[in-house]
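Structure record follows, encoded as structure tokens.
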């Protein structure tokens, strides 16, 4: 059983009647419902919970974290961001949705601005598959459409992906790398573009399929790495090959490295 | 003329007689001397200067920043780290040397722990070229040796590189990806492993050649991107293709996006 | 159940008493025995069979092909090489072992010389993991040794890998990227270095684990792509968006493209 | 001075009045005129010349080869294809234009089908820059348009690029990775999509700029690698570290490896 945690900012749903009507139980609940099943458990966490719902214990029991945020990016506690990053490095999968391109943990993991151009005009988006038979595209046709979406346009300020899985065509004339994969430490990372809060994107069957596939793809069954940032000293007498110490030294025996 | 700025932490040189003897004018000066010439200007900056010597003005006039730090990683001001990252995204080249694998700006740009194993035993290191005729290896043989070096061992906690240029063999039995390239925004990034402070690595001719080549490789002659993190709204009437606005909206006309 | 086919050249085993003693039933049989089990079926095919044992029917029923060849690379029929390449593009996984770096199908899929330096001296090899928790390394320590192996040295003439999973240290002073992954069409490709015919490498437990893991990793459960080289024409009236034909044309309606 | 050779199939120009009118001196001449200047020499070669105009001597004096072919892909001599591939591996740059996605040397270097979907309807193409300040995009805006072009659509059967530089939007609803870079051996490779023979694409100023930039980017000033496919034996007494030969051997002293 893969354990997914769907994190929702849960702000628009409370402030906007439009969003509340489309997602009466919150976007996170709709996303969790879409992901749950066929060997995947899905629970939710929201920003207003203690530690944003992402305690050490919760992350330890999360195989794949799915993140939707937008208006309150700046309110996410930096300590939780580091905790999420460490969990990814230790092997937790992470999926960032739509406006989460500007979320703190995504930017933290990418090391780049993650910026783009955008337009909120309810235009048609068509996602094209660029990597046939990629596990994230299982069961999908070579392209599918979302009739109403926000436009995100290139240049998208991300590192070159491990693989580009989807590229979007927009009615207004732009293109965007809408599905991109990365590895960060032992963690698999996927960014998926669609999902503007004022449109019913997370009720779409093809989007559901991408989400389910992505959770399966991001899941790393290996035991979590215990100390993913540890930099161990290897004493001379533990070197794989016999070695005689030579030359001047700065560090004293048994001393920790600087960081 | 390419303008390189060599940043040195400049702490070991003042605290350790061993380091001071090898690098009487500081490691940064020795590195600058090695890089200077043949169309490259090289000046230095050190941590004890105001703003660590890396003012907005200085970075604006730096084509390639070379970074050596170790003991005082934690003392580098986070605002300067962000300033360096923004300069890289806008097109400044950046070269990180040896223990700078754990420097704040390198970790910021990688999005990973950048950890490794290590041993200070004055052992022999042999660097092997893995990408023949790579510009960073111009004029170098397929391998070269450093008789005394600190060991850094895999697994090295970095993202998969754009290109792996060098891999090191160590006498004690380890290996390490010693020369790796990345692109972050418009900026070229190179990490180069050798350079422990208690050995004369920066007096070595092959190392000099790598440093000079790397500065040339990292140099991006294009004008710096003015606002490398900007995410512009494209109004409906500026869309490349004629477009009629539809559907519900969250953002008011002219409003900035959330971040 | 994953269906693996282990292809063996099966020449050294018949010509060399040394090899025959280590692998009395052929290297392919030993490799198949190591891979079989835990949800993997493993059968063998050899060069001396009709169509080298790799008929269309056989490849259609092969999820992952494992290839060991050396002395008779040049005797492999070019039509079979193309057949294997097409199967990979359509989704079959492929694992190339040791001297298969110079096999026709590996070179065909890489598009590069795949050359290296080598020495047959029974020296110690130590493989280091460079991508922690990679599925191919499941259950393995950060490094493991093979006491007797042939040396392969960098530069290795391959394209930059999707991921570098292992790097080898050799007693004689060289290093080598010993585990590298690629994607070619819908097919996952893995190259794994160890396996010289005069040493008992394929009797080693850690090597067994890598082989099993690699087969699981390379397996793509999606249905094979029917025509992996097809370049379909999209008629104007089937364009996703309404389109009016304009301008001069070279192709007649319904005509195939040139290739 | 960079020496570019522009190779043209030169068939459509002789068979089609439409193409002859747009490119009265042949497409290759128009492309050479666009590239020539500012430190670049550009000469042409065509398929009807002896050895297709690509003799050993000519390739030895070519820094960057630019290739346009379409109707006669199948008529290109396989020995010339290997010669071109070897030149690339040894350090020659190579730029493949438009329908050259199906040329023999491009497919040879990629190791994949290089297939796509297509439509000849004179539709609008808009190329978006995905890698800001990339040298190949020097002096170009974030997007530019070609009013009449053939459509090429994803999925494009190529390996994951080193960098994706351009992505195209098409009026009929498709997208395409229109500018992609690779490294093959010591050679830099660039594919650029636009350039259908019945439209005036190679008279466009932005296209000229891409072509000039790409030639500069692809140029590797290092001396050509003499034997790019050589796999040298390293005798035991030439090993970098002292080594005593052990274990059984297959190869006799001084023997060449199998290939």
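Letters A, B, C and D name the chains as they come in the text, with residue numbers starting at 1 for each one.
Keep this in mind: contacts are C-beta pairs under 8 Å (C-beta built on N, C-alpha and C of every residue); 3 or more make two chains touch, one makes a residue touch a chain.
Just so you know, these numbers come straight off a predicted model, no measurement behind them.
Colleague: More than half overlap in residue numbers between the two sides of the chain B-chain C interface, or less? Answer same or different.
Modeller: Mostly same residues: over half of the interface numbers shared.
Colleague: What's the rotation, in steps of 5°, that superposes chain A's Cα atoms on chain B?
Modeller: Value: 180 degrees, nearest 5.
Colleague: Which chain's centre, taken as the mean of its Cα atoms, is farthest from the centre of chain A?
Modeller: D
Colleague: Where the CA atoms of chain A average out and where those of chain B average out, how many Å apart are those spots?
Modeller: 26
Colleague: With chain centres defined as C-alpha means, what is the inter-centre distance between chain B and chain C in Å?
Modeller: Each chain's C-alpha centroid was found; their separation is 36 Å.
Colleague: Compute the distance, rounded to whole Å, between the mean C-alpha positions of chain B and chain D.
Modeller: The computed centroid separation for chain B versus chain D comes out at 31 Å.
Colleague: For chain D, which residues are shared contacts with two or more other chains?
Modeller: 126, 131-132, 153, 157, 160, 162-163, 169, 173-174, 183, 185, 240
Colleague: For the complex, which residues does chain C have touching chain A?
Modeller: Residues 91, 126, 131-135, 138, 143, 145, 162-163, 169, 183, 185-186, 220-222, 225, 240 of chain C touch chain A in their complex.
Colleague: Enumerate the contact residues on chain D facing chain A in the complex.
Modeller: Within the complex, chain D contacts chain A at residues 126, 128-132, 142, 153-157, 160, 162-164, 167-170, 173-175, 177.
Colleague: For a test of understanding, state which residues of chain A touch chain B in their complex under the given definition.
Modeller: Spelled out, the residues of chain A in touch with chain B are 12, 16, 18-19, 70-74, 85, 89, 99, 102, 108-113, 115-123, 148, 151, 153, 157, 159-160, 162, 171-174, 182-185, 196-199, 228-236, 239-241, 243-251, 257-259.
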